[in-house]
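Mind looking over this structure? Questions follow.
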Amino acid sequence: MTVNDTKTPGTDPAPRGQGQSTTRLGDRVFSNLSKGSGIALLVIMAAIAVFLAIRAVVAIRANEGNFLTTFAWDANGDPPHFGIAVLLFGTVVSSVIAMVIAVPVAVGIALFLSHYAPRRLATPIGYLVDLLAAVPSIIYGLWGALYLVPRLTGTYDWLDDVLGWTGVFAYDGSPARSLMTVGILLAVMILPIITSVTREVFQQTPKAHQEAALALGATRWEVIRVTVLPFGRSGVISASMLGLGRALGETMAVATVLSPSFLINASVLESGGGTFAQNIASQFKEAGSMGRDALIASGLVLFLLTLLVNGAARLIIARRKEYSGANA
Amino acid sequence: MAKRIDVSGLTAYYGAHKAIEDITMHVEPGAVTAFIGPSGCGKSTFLRTLNRMHEVTPGGRVEGRVLLDNEDLYGPGVDPVSVRRTIGMVFQRPNPFPTMSIYDNVAAGIRLNGGARRKSEMDELVERNLRGANLWNEVKDRLARPGSGLSGGQQQRLCIARATAVAPDVLLMDEPCSALDPVSTLAIEDLIDKLKSEYTIVIVTHNMQQAARVSDRTAFFNLAAIGQPGKLIEIDDTQQIFSNPSVQATEDYISGRFG
Amino acid sequence: MSQTSHTTVKSAPAAADVRPKTLRPPRLPRWSLAALLLGSAAVGVAAGLLGGLESRAQWGLIAALVFVVARFALTSAVEGRRQAVDRLAATLVWASFVLAMLPLASLLWETVSRGGPGVDWYFLTHSMNGVLSWQDGGGIYHALLGTVQQVALASVLAIPVGLLTAVYLVEYGRGRLAKAITFFVDVMTGIPSIVAGLFVLSLWIMMLDLGYSGFAGALALSILMMPIVVRSTEEMLKLVPGELREASLALGIPKWRTILKVVLPTAIGGITTGVMLALARIAGETAPIILLVFGNNMINANVFEGAQSSLPLYVYEQWAYGTEAAYDRAWAAALVLIALVMILNLVARGIARWKAPKTGR
């Protein structure tokens, strides 16, 4: 296209009014190229769904067990026998634990950065939070497995003493390679992303509204309660869902920390269970052809799950933009 | 209710920049005082020092004294939150809380300050203040609707109702009509005239006709040059200022020779 | 109503009940905060010693709890409930900040202190060829090489597509197609890396039967990289002022040259920053590498054929061996990986600061 270009712009002095209709070759090539790239992205998204679905159908057809309810993963067996019940349970439970821990703390840090921290501190700390989002997950995994796990047994013992009677927090003293530990680690990992999105929304709270509250004699917390939190609510929700999406699909930190099993343990403090991503990473090397298809089938479920969560988060953000745009 | 304000030697800064310098004046109780002057002369900044809103701006700081009936607002141990509860403020752009209904906007300050526990009591206060702001008849059928759905002028009157609901001693208004059309402006001016029996009112305005119409006393601010701090040139009865000011610069400004 | 409240005195509730009685409400003295901090720390230590609690974390927890409760009660008694709630909120906000910094500081500290001793020239320049899991020695050369090759290849694939897509969205995109692309780019940023790995696995390895290679890994990494590049480039292009484009178009320069010669160069700083952040992100990806590159203890310089290793995968493998020597290598490699990612990040931010859009305001 460079060749075409050298001919055209130099020689003709651009009939400006008709510039749009007499599209030059260079323009056409370039605009189609960029449009093609955009379409390529859509095609990739579609291809991911299609190719995963193709393998998943193969696996689910051959499956002797029920794909949704079977508590086992014997995909290499003859006949193959596997189901995602335990994985779904473990994925959801560990992510929910992560959210319960991370969201309030992230909102706290976001408020700290937007309304509490001295200005000189806020910028470098915000910067630090962004850097921490960049730490590779395998390093969180390594830290979780070698540092965090041995240090949680004491706390779990104590939780067992206080809340053991519920069954959910029963603890047998074994190494803390449980869904709870995974949840805690995931919480640490998704904290930066939730914080940075939430902080941005909080900082956008119109000054006019905050000053209105101040002029009524509101304390700092009351200003936040009356103006910042209502304004940022949808932002917090979508940030949390972005974090949830990360937690659902996290592989390495779970694979290193969790001691998996294909049973559902009522206690979140004791080892056992599994997540989609962890199961794929741990089973992959031993998987035969059917085993791989089965793992891909479970991957498809994970894909749809994260698609749903992320899509919802983005829709909330988009709706919020329209809403605040109309109001501004 | 209405209280007197005595300012002496007041200087305000934004970081290292001196916005206004050495202002001394009295604001009479139960009257309307207008601040006029060219853009950047610090009249809004000065207004915001009167209820300690200036220090909310990063880097904002104040020297000097502001006495509210002989109590120094900047004295040791004075709580800025209490000051703002005593001296209400209405802003340039109407800013009702967007997530609240009309009713809740008026009730917001009362709730924050722990007044009117019973529903009937609150209903009464809301109605009284909306009537006081000449807004009741227009909104009484849609109290539960969001305040942001009102017109600009109605929103501004809602903000006035919100400010009066906590029964302040002084009402500061920072160019309350500059974002409004002439009809709404007139409605606000009527309202100011009515409110001055109960409150000490200070209004910053760009519009000299407005100052002449609504105020009892007028203060003229000016600055020597861009980047220089704003100063109080003179303050006098409005009639005096507009008919026979004692400083040449005031006359030049009023007659439209600059600003 | 204009006759003021006198007429309605009977029914009017005393509006004065919200009026502060004084501008100087009672306040706790300044030293009370320090005293409270010290006092609750003392209580924490005492409770820990007397109760025989081993974990220092529990001591800290008790002290923190005592502090929060005591501060609330004291403020409530002296200054009133509103102040107490305000203080409580401030305490919790500060606490959440401290709480979040603890694990992150610990993570960095552990990596540096445990990994530091293992990182030397030998470690950086040797592979794991012939080193058994329990033996000391060995290095990450093969993994570093793999990471660099895979990330470079992934960028070659992802950057042009990402840039052009962003150009389309900002300069050409209208209507439904652009909306769909914007939405799916957003959703694509949320695809778990392992799913991207599975996709390439099913297409490249299982369907086309092309075998494990660094290239297969690069394919998956590029899928993860594309949406990040699109997003950041889009943001930057939107910052380029429209007058610049108009000025160029008015000179009769065709649109595509305007974009290439005026728009992109203006935004180049921000775009570079976005690309480097994306690089940092994919350099740390492990999951797709496990599925597609497979892992290799020896040096394989051919990214298009045969199993390779990569830095994050190396960390995972060494961790999985579970021997002391392997743990040491895992930490050392983790340190190198973190350093790599942080350098990319810092350089990216440096560029962003230097080349901050000179568009003024």
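When the chains are written out, they are named A, B and C in that same order, and each has its own residue count from 1.
In the analysis below, a residue touches a chain if its C-beta (ideal position, glycine included) is under 8 Å from a C-beta of that chain, and two chains touch if they have at least 3 such contacts.
Note that the coordinates shown come from a computational prediction; the quantities given were computed from them, not determined experimentally.
Q: Quick check for the class: compute each chain's Cα centroid; which one is farthest from the centroid of subunit C?
A: So the chain farthest away from subunit C turns out to be B.
Q: Any chance you could check whether B-C or A-C wins on number of contacting C-beta pairs?
A: A-C
Q: In angstrom, rounded to a whole number, how far apart do the mean CA points of subunit A and subunit B lie?
A: For subunit A versus subunit B, the centre distance works out to 48 Å.
Q: If you average the CA atoms of subunit B and of subunit C, how far apart do the two points sit, in angstrom?
A: 45
Q: Once you find the CA centre of subunit A and the CA centre of subunit C, what distance in Å lies between them?
A: Inter-chain centre distance comes to 12 Å.
Q: Could you check subunit A for residues that touch two or more other chains and list them?
A: Within subunit A, the residues that touch at least two other chains are 217, 219, 222.
Q: Could you list which residues of subunit C touch at least two other chains?
A: Within subunit C, the residues that touch at least two other chains are 20, 82.
Q: Residue numbers in subunit B touching 2 or more other chains?
A: Residues 82, 85-86, 109, 112-113, 166.
Q: Considering the complex alone, what residue numbers of subunit C touch subunit A?
A: 20, 54-55, 57-58, 82-83, 85-86, 88-90, 92-97, 99-100, 103-104, 106-107, 110-111, 160-165, 167-169, 171-173, 177-178, 180-181, 183-196, 198-199, 201-203, 206-207, 223, 226-227, 230, 249-250, 252-257, 259-260, 277, 280-281, 283-287, 290-291, 312, 315-316, 319, 327, 330-331, 334, 337-338, 341-342, 345, 349
Q: Contact residues on subunit A for subunit C in the complex?
A: Residue list for subunit A touching subunit C: 5, 8-9, 13-14, 16, 19, 24, 26-27, 29-31, 33-42, 44-45, 47-48, 51-52, 54-55, 104-109, 111-112, 116-117, 125, 127, 131-132, 134-143, 145-148, 151, 154-155, 158, 188, 191, 195, 217, 219-222, 224, 242, 245-246, 248-252, 255-256, 277, 280-281, 284-285, 289, 292, 295-296, 299, 302-303, 306-307, 309-311, 313-314, 318.
Q: Considering only the defined contacts, which subunit A positions touch subunit B in the complex?
A: Residues 119, 206, 208-209, 211-219, 222, 226-227, 230-231, 327 of subunit A touch subunit B in their complex.
Q: Please name which positions on subunit B make contact with subunit C in the complex.
A: Touch list, subunit B to subunit C: 68, 71, 73, 75, 77-79, 82-83, 85-86, 109-110, 112-116, 121, 124-125, 128, 131-132, 165-167, 194, 197-198.
Q: Quick check on the complex: what are the subunit B residues that touch subunit A?
A: On the subunit B side, the touching residues are 51, 53, 56, 58, 81-82, 84-86, 88-89, 91, 93, 95-100, 108-109, 112-113, 148, 159, 162-163, 166.
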